[in-house]
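Let me begin by handing over the structure; questions about it come next.
A, B and C label the chains in the order they appear, each numbered from 1.
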Amino acid sequence: MGYFERAMLAAIVIGAGAGFVGALVVLRRRTFFAQALTHATYPGAVAAAALGVSVPLGAAVASVVIVAIMAGIARIRRQGAQVAAGIVLTGGFAAGALLQAALPGLPVQPESLLVGSILTVTDADILLAAVVAVAAVVLVAAFGRRIAFSTFDPAGFRAAGFREWPIEVLVLGLIAASVVSSLPAVGAILAIALIAAPAAAARLVVRSYRGVLFAAPVIGAASGIVGVLASRAFAIAAGPAIALAATGCFAIALGASQLRRLPWRGRSIPVETAEEARIA
Amino acid sequence: MDLWDSLFTAFELPFMARALGVMLVLAVVAGVVGVLVNLRGLEFISDGLTHAVFPGLAIGLAVGGTAGLLPGAAIAALGAAVILTWLSRAGVASDAAIAIVLTATFSVGVIVVSRSDDYAGQLEALLFGRVLTIPPAEVVPLVVVSLVALGAVLLTLKQQLFRAFDARASRAAGDRGFVLDLVLNGAVALVVVAAASTVGTLLVLALLIVPGAVARLATDRLWLLFPVAGGFAALGAWLGLAAGYGASVGGGVDLPAGATVVAAFVVGYALVLVVAWAAGRVTTGRSSGRAAGRADRAGAAPAAARTAGSAR
Amino acid sequence: MTDRPVLRLRSAAFTHPGGAGVSGLDLDIRAGEAVALIGPNGAGKSTLLNGLLGLVPRTAGTVEYAGHPHAAVGMIGVLPQSADLDPDFPISLEQVVMQGRYRRLGLFRWPGRADRAAVADALAAVGLTELAKRRFGDLSGGQRQRGLLARALAGEPSLLLLDEPFNGLDQQNRDALIQTLRDLKARGVAVIVSTHDLELARLVCDTVVLVNGEQLAHGPVDDVLTLGNLQECFEGTEIEIDEHTLVVPGHEGH
């Protein structure tokens, strides 16, 4: 298998897996969380590269530590989830930059950790992404009903006697695993596009929860293919090309859904729609 | 080489003095603006602006060299501030949509940089800043940009606080929510512009978020928030620069100055958190009122409000 | 005090961009007069109040504020329907009340002595002078509601709009609010109260407006709050009138 075919395979597997988990991210509104997670895996990846251990392993360990810190800060009154994510996010980047400067001669280019380098993925990277994708499908197939219930009616879910944290831990674990496995393709900065865009696009054109879970991985894989092809055709970096392809899918879906709404929407009023609605 | 040298003597060097001067102005302005970011729950929008500025920096660098950085970033940031304000008001965009679009702009920036000769070096400079190598000619523009942001916020401060506390009543009192949001997001954008060319795009967010968060931990008195945030930010900037200098001169490790400043901020936050916890000020709870209150203020950030609310 | 009404509506309608609204409003309110706005949920009570504030467009008829087509700055005070306010927000009661002065201050001026005096008066009017320095989020629900009323009063309005001010209040705070409203009337403030509380209408208000999408009746309390009118107004809705002390001809009870 040549490097290009390998890159295509990686793009398909990672794109599909990220798209599938991304459906959970978007439906449960964990985008900022996922974004902080993608950024904060960076110091783990740098440390792993410096220590000579597997980069995904380092990123995974870092993500566990980071999730714990974020959960702790988010629970404090007057701080909250956004503050937690912001601090962890920038702290992660600063720590990564300091590590990188303090440990010269890293075998891995830091840029590849930040914006990805799909042309140099290993078989192990692809295998990891495939395992994560399959695990995500199996877990969602097994617990899908409960995840859907707790997503759309958290109060009812608690009232029905279920505890929320196992579902939350399961979903957050899947998000972390997905982030770690997408790093080789798109890097820490751009991973959120590959995770969120396919699902957000799917949600605009597909109505059902289940439908989004099917459509998002397809869009993710397609984005991967288009991105790698564009990267070769125009001689540009592959990671950003994949992220842009995923965004393109989202833009098309957005345009389509807006067009569909037009006929009966009438004259749109340039006032504070969301706020007006509440005032009313 | 001792502690005294790092903390004081080091800043007799012209480039260190320049870095300190710029960082102090920037830190105080970011601290004040950051309090409003905290009270309005605009962390997510701020993160968005840092991403949106990146292609502006990249294109500015490609077109005009380092002198093109500031204008490029300013154009991108103000454009993004207008678009983000509009998007979040119209209710068109979810947090996911914002994250996606902004990551796309970041991708554009990386692609622009990737076509240059010194891809890795330039990318790193844009991401992690170059506070120690600010040319003297750029000091004044950076300070001016920061002060414009400060002025915009101070001018509308009481209305901004009113809107942050009770958006509906603020509207009923005749305040134009869109204008207030635009001014605040514009000020955040200007801080991002000034900070992006010093501490780098990836670290800007720390300047905006950490001082505000520290102030919220330290006090419940409205008018104390601003001096606490500004003072913390100034202290963090000074200690961070001194630490970077100490490490590179004393320890022979060449640490990026932007990263040491942000590390000082984060360590400072952790210390304040511990002190607040020891003083019994750290309480946990569902705090659903905060989430609900933010949702009501969604004119600025419906997405952010949902993130804050749902992550509990 | 002139004889000119503080507020005059003639065949007025306020309509949301979405289409919902309230129409056929004919109403004169004079200084020192209190009007109860009664109708089922979704009848357009809040729409009417927001329309008077200029937050919902007027789509028919005329509105005159003391003879002018627009309300003067600071003329209208509003107590919103129990606002969702962040209990952790770092702000004192006094500072919340000061927000009521902002409209008069505009963008460039900062509060001065007259503003602080107005805040102190407003706090005294609702009986919360002692708690001025307390953090707003630490107050009880009823105290917060009274604090927000003080904010509305701090602007020294000649027309006060209250949207469901009695929802979820205990007896003590309810009594305090009723006393405050009587004091305001005595000082010549015109008041519009939207409420489900028919007893309140009897205790404080001079006239009643029944609405359900349109104005159904308007007049002195006893003339309007008849069983027939109420049945017409609340027809097909699930409002529990019996919760309140309702005294209409041939129907007494709780």
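Throughout what follows, contacts are C-beta pairs under 8 Å (C-beta built on N, C-alpha and C of every residue); 3 or more make two chains touch, one makes a residue touch a chain.
Model, not experiment: these values are computed from the prediction.
Highest inter-chain contact count (C-beta pairs) belongs to A-B. Taking the mean Cα position of each chain as its centre, C sits at the greatest distance from chain A. Here B is the chain whose Cα centre lies closest to the centre of all protein Cα atoms. Chain geometry summary: the mean Cα position of chain A and that of chain B are 24 Å apart. Taking the mean of the C-alpha atoms as each chain's centre, chain A and chain C sit 48 Å apart. In whole angstrom, the spacing between the mean C-alpha positions of chain B and chain C is 41. Chain C has residues 50, 55, 88, 90 in contact with two or more other chains. Residue numbers of chain A whose C-beta contacts span two or more other chains: 77-78, 279.
Taken residue by residue, chain B touches two or more other chains at 168, 171, 216, 287, 290, 296, whereas all remaining positions touch fewer.
Across the interface of their complex, chain B is touched by residues 50, 53-55, 73, 78, 80, 83-92, 95-96, 99-100, 102-103, 105, 107-108, 110, 135, 137, 148, 151, 155 of chain C. Note for the complex: chain A touches chain B at residues 25-26, 28-33, 35, 39, 73-83, 85-87, 89-91, 93-95, 97-98, 101-102, 109-111, 114-115, 189-190, 192-193, 196-197, 199-200, 236-237, 239-241, 243-244, 246-247, 250, 254, 272-275, 278-279. Taken in their complex, chain B has these residues touching chain A: 38, 41, 43-44, 46-47, 89-91, 94-97, 99-101, 103-104, 106-108, 110-111, 114-115, 119-120, 123-124, 127-128, 167-168, 171, 177-178, 202-206, 208-210, 212-213, 216-217, 253-256, 258-260, 262-263, 265-266, 269, 273, 282-285, 287, 290, 296, 298-299, 302-304, 306-308, 310-312. Residues of chain B touching chain C in their complex: 39, 155-156, 158-159, 161-162, 164-166, 168-175, 216, 219-222, 225, 287, 289-290, 292-296.
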